[in-house]
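Order of writing sets the labels: A, B, C and D. Residues in every chain begin at 1.
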């Protein structure tokens, strides 16, 4: 079968590099075009990029001449890892020209007509694209911290209803890109603040778990309260969750619901789909970012320490790979699901 | 004035070393005796101890011959950094013989007749010693994570009443002693579990903020729900707090109450008393353990990011030096206050 | 083809776990037996072991009942990751009973009749086993720091003769096993000492690059002078080398010799053989342990910054994965080569 | 006695901040003026600076209005922590106007008429200023890695003559300023390259240990060969030295010479002088940056593991605080010595 040609927007940046890294040897997508800033445009990718991955750049990719946002693209599907300073307008332009922009950028996430998709959770929200005024469309994935929260809340909200959630995150440095966090700020330290992050965590889940009707999403009505911290971890966001459900539930029931949760990516056995989107640990000191972030290709949400709290709540610690399932990998699975559901035709 | 002779119990351990380190040149206490395990007893301290502090051992201390728990002690005041496996019985024995045991160990903290003292918060609880059956007495300080929570809750609880508190801790490795945490477990990692810690955090504050009447403490009636995590930080526990107060209050009012809070150690200008027990930061990325844990001799609770939450709550991040204000320094301030209040005579 | 059954000695330790981890799905070897200390013997492996790898234990392995050194073994080939405190006698016993012990332990390395094998460098030294008085035999690989030095020196020594070598190592914590290094000692620190390490580095290479004749190895006659340091890196030993060769040579020639070096494992395309045992970087800030230690399955010696020094010397920085190419992976490649050369029959 | 007014050039940068931090409460110098880039000029220091020290900015300093390099200065003595991109011309201009520039910048270090001073080693080189064409003068201290090497070589070179030196450095991140090194590059990693550093290490010591005669310095004639590496340590450069002396010498003799070495700063008991400039450790795992970098105010060169090598050499590990003795503290001690020797009048 012929592969589907795709382009990477923001190809030299941290997320762009991760797209290229993850799409090497992808069974259905093939990178044909790379787009980056005017400074890089016209150069071969190997010369334009300060490659920071743990495998050398693929030889084919190395020699692709980087395009600028001014150039027109042949690929229908564009993966966007563009910087937020330019993504807003650029993604809109691409959608107007007929491209399907699978974006990891935050700019359009909270637009009324743009869905935030987690394919195991709300694949029906792809239909929201029909409300978009574009010839093509824009599809986003959530913020890297939201991803794992929404994944875990989804089956619990469906079964019991979520009333409120407290979350404290301990986020990896890779989430800030490169050069990102100064070593002087984080070596042996905790920084109890990440600009704009708490707001994203407190609003995106309700949209993802909301209901699509009449071309609009009605947000889920629970409340999230977040503390976001940066810690000296390379990859993997760890999050302490305290969840108040609308009905009584045992720890065993929660474990069962989470560990058996599945969705369309699993049913259709998509290339980037983990076998189960949630893995539940019984050991009391797991999950840990260093040991567990690459489980099942980094596409898993790991959950541990599920227990009852002192406030009639359920407590647990969740962890996932912030630049794979929380960013580039999420976008790729969105694209795979989009294609598998027949939207591309 | 002649100095008061004191002994250090558990002198070769992490907390014992910190007592020795901090008491060097103390204006009123002078270390005269050191007690350690049978393996160390009979040796000079310099030979018995694997010293891990950032200043060499004081020459006088070096040559003190270590005693065992079998030996009788001349000092009235004993600072205990004994391991929990032996502290229970040993501290009781010393109290029976007439010593005042100022203990950092957990064993007797929750005993009905033993106070957990924070001198700025509940100095009246020293009177609970009168309920003890000993010729001497046992006085404890709180767990290192509890210390900073109780310090911050005290003035808020007094003014408004605390309903419930969520806390997520990010604790330094020095809290686990030496060798303590394996580098293989914590380098570039987060471990979302510290054995027994959440239970201490969830119970000690209510005793500290409780009311002493008729020789008994009636616990404060708020609820605490804790997640405790280990992070790759050397010194300084950082804690995200979400606090539900019994009445509405502005962020400005909370800042004012915390930053002006004082107690007996400040009034009496005790050697280990910080100028103010709580420092409030306005910068949105503070406090940080690397930068702020040694403020005012490491005896301060630093507080930042005070803000309203989405649940009618007040959120903030607090941080303090776990082995100074959270352990050895806390015990020393307890002893200073005990003496200053005239209990020793 | 039927797989060759093998046993793992010291199966619950750090090296033992790595053997199990690396041998999962091996095309020619199949783990049939696990041996550990009396404390573990009789238990299922999953219960006996504190598994610390980044993938869960294989289900088949989980249920293998651990044997003790008292038990007789059916496998001919034994991979030994035994602790040095017991490996000496135990490995001799196994060899006497007819087993081929492929050992990563240091105990027998400097025995006159035991070869230290790097299959790309000195596969002819396998013949030294014939000098052993055992029915079976003992084959060792080098110390984890020596491995990368000997690999790089081998082609240079052959071509030009090595006169002397200065080496400063920056070694990963995983080299010390688990729990190994205390986080209190290494977080944000350098420890300029590793017990016994400098001696190994200064003696093993001469044996490996020595000449086998008349059943004896005549050591190569160059001199090595070593500084060994521990740094806060998880996996991957980095080493600064300053090499004095016996004749003048250009940087370009050194690059060419190292980057084209190959041996029997490459010729025979063995499962654990890297495509090239040495990879030469042109970038001036490589190799780096975090980015390059897993290149080609962690079986590669990465070399960078090849340049002339101020003393008529050649300088370079080399790096390799200390628990794969420097330990368990080295032993596995030794076994593969041993079999491929027909010694097993 | 009235204090000597001084100005800080490059006051908002990393070195400038360290000057301000270290000069708080200095007995003879008082900061009166601060100079920074045009962007900062005209603002109060507290607003112009992103303060990164572990104590808050002094209140007096906070309110000083920052000047630009265009403004004339009243202070005679200027401490320069200017960025290398501007220090060259600016320092020359200040010297022409009659100021004594005590510079930590690299720009003028290798100028024929500018001395690199270590007051314990070559205080006679202050006289080189007389060869300068300026009304004032420029005095530099060495690179932060060179400092500790030159300090240790000085007494050995005087006594025995140094033939050659191999050095491998493991340098702290604070040496690169702020933001400096990206956490993505150094967390759990080693970077075997620091731009320009090896060249400085290989040339500065010979000038410092050279002989001043007829207004010129004749370099010492030994050879240094350097490898420079960045490691995840906050403060403190660790360096492995292998030294070939011109005559045979025992380890004990080396220890004695180093540990008793003293100079003018010690004789005159200057405020920033350590009691002894070199401290020798007998423990085999010291010095360590985390434990020893702040010994004697951070003004000490710590030395350990002095031993014989396999090449007729002496090996040792040295360590010192790179931003105190290796930078700002070195400049302050230079200024103190300059004044104490009567040059200011």
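In this text, contacts are C-beta pairs under 8 Å (C-beta built on N, C-alpha and C of every residue); 3 or more make two chains touch, one makes a residue touch a chain.
The model shown is predicted, which means the values in this text are computed figures rather than measured ones.
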Chain whose Cα centroid lies at the greatest distance from that of chain C: B
B-D or B-C - the one linked by more C-beta pairs in contact: B-C
Distance between the centres, which are taken as Cα means, of chain C and chain B, whole angstrom: 48
Mean-CA-position distance for chain D and chain B (Å): 40
Chain B residues counted as touching two or more neighbouring chains: 52, 187-188, 232, 234, 290-291
In the complex with chain D, residue positions of chain A that touch it: 52, 173-174, 178-188, 232, 234
Partner chain C, residues of chain D touching it in the complex: 164, 166, 168, 170, 187-193, 202, 223-225, 227, 229, 231-234, 238, 240, 242, 284-291, 304-305, 309-311, 313, 315, 317, 319
Contact set on chain B toward chain D in their complex: 52, 54-55, 187-188, 234, 290-292, 294-295
